[in-house]
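Next up: some structures, all given as structure tokens.
Paired with chain B in one complex and with chain C in the other, chain A is shared by the two complexes that follow.
== the complex of A and B ==
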């Protein structure tokens, strides 16, 4: 993901800002890292350049 | 036409079909630029068409990780998300959505990603209704929704529900097939 995407992303739970931690870059792309809610502290992983912003209770849903 | 016909061999990610094409055609005709979100992007086909044929910056989201990967492989900005929940208020000039809309008996459903891509529950509107309730928050002033609906889902019911959420709806494209008519609704407030 591009870092500029952060401007339009928010915590899916409380809609507060997200802060980027432990970012690894490939050029201007964030390839991995963690997005952390500045309010509730919930953590959202970025893997292979894709932020997973599902609310925590939906993360376990993995149909076959 | 039922889910079994639509499924084909692909089990992970919905691939572009007549509905995707109708939505992409309508959206590309009516979007010039700005920031656009495609919800439920699947293969990324519609988002890719908008990114290629207009001057808009396009974000592609899906609940399905396989879809997010396919969209990213096309060069799209992909976000794994439940509808519009992780996007800030007033963000988008347009939101496009080809939702899962086929009415499905509960015991006829498959518990896999393709079922999630196709089935709208018993009413056919179990994903559309929460989308309509949530999408207004992320639309910029003057923002527009392009929503694909099938006659199998009930276009009137969707228009009525959109009205309850403060939207007026206009059909901007439709196409008839033997078992259904597909319509693209443009929703504005």
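== the complex of A and C ==
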């Protein structure tokens, strides 16, 4: 993802701003890192360039 | 398990085959985009495709707006969208997300398409919430096209909306069930009415309900 996308992204849960942590870049693309909600602290992984902004209960690793 | 997660798993399983059968954009989407007011396209504008799948409609948005965002619940489908964008040389920012809890700030989207997606959400509450979410992210004066599969389609023999599963058959013959809520036209209109969206135009076409919607520039009631 492009870092400029942060301007329009927000936490899906409480709609507060996200902050980028541990970013790794390929040119102007963020290929991995974590988006962290500035309010609730929920963490969203950027996996191979695509942020996973599903609410936590819809993520793959969540037990049924 | 939540059925919204089931939909994600289903589309992850069938993503490659599904995307290969969804080559062409729908004419109703092309027609909607041709009629979008000029001030919603060009420099500084943002387009959004909710349930973008292989990005066939995000591709049309990308030709008109400055920044195109493609959102889908299925990582597998997003990968097919990324492949299409590379092959066809258009730019799209891909997000994995849920239509009923959009990870986008309020008022940032000028033009949106939300086609053939809302019918995969399992409850009326989640479907209306997703329409409210679309209203929230649309800029004042923004426009969106919403569509859902309808009882008006030839394959259904029902007057009222209903929940069902529709099989997807993979090349090896294996079938995968997909959840759908099939809308009656009246019910589609009622859900839009219930939401924060304002309906501008409405039509039935090819067995689908379509609505062109926006948010009033006046403060909502």
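Definition applied: the second predicted complex is superposed on the first by the 60 of 64 C-alpha atoms of A that agree within 3 Å, B and C clash if a C-alpha of one lies under 4 Å from a C-alpha of the other, contacts with A are read in each partner's own complex, and residues count from 1 in each chain.
Methods note: a contact is a pair of C-beta atoms (placed from the backbone, for glycine too) under 8 Å apart; a residue touches a chain by one contact, two chains touch by 3 or more.
The model shown is predicted, which means the values in this text are computed figures rather than measured ones.
Student: Once both complexes are superposed via chain A, do chain B and chain C end up clashing or fitting?
Tutor: Aligned on chain A, chain C clashes with chain B.
Student: Please indicate which partner A:1 is in contact with in the superposed arrangement: first for chain B, second for chain C, both, or neither.
Tutor: both
Student: For A:51, using the defined touch cut-off, is the partner it touches chain B, chain C, both, or neither? Pick first, second, both or neither.
Tutor: After superposition on chain A, A:51 lies in contact with both partners, chain B and chain C.
Student: In the superposed arrangement, which partner chain does A:11 touch: chain B (first), chain C (second), both, or neither?
Tutor: both
Student: Taking the stated contact definition, name every residue in chain A that is touched by chain B in one complex and by chain C in the other, in rising order.
Tutor: Residues common to the chain A contacts of chain C and of chain B are 1-2, 5, 7-12, 15, 44, 49-55, 58, 64, listed in rising order.
Student: Tell me, which parts of chain B touch chain A in their complex?
Tutor: 35, 59, 63, 65, 68-69, 72, 77-82, 85-89, 91-92, 111-113, 115-116
Student: Inside the complex, what are the residues of chain A that reach chain B?
Tutor: 1-2, 5, 7-12, 15, 44, 48-55, 58, 63-64
Student: Once bound in the complex, which stretches of chain A touch chain C?
Tutor: 1-2, 5, 7-13, 15, 44, 47, 49-55, 57-58, 60, 62, 64
Student: Applying the document's contact rule, which stretches of chain C touch chain A when the two form their complex?
Tutor: 1-2, 4-5, 8-9, 46, 69, 73, 75, 78, 82, 93-98, 101-106, 108
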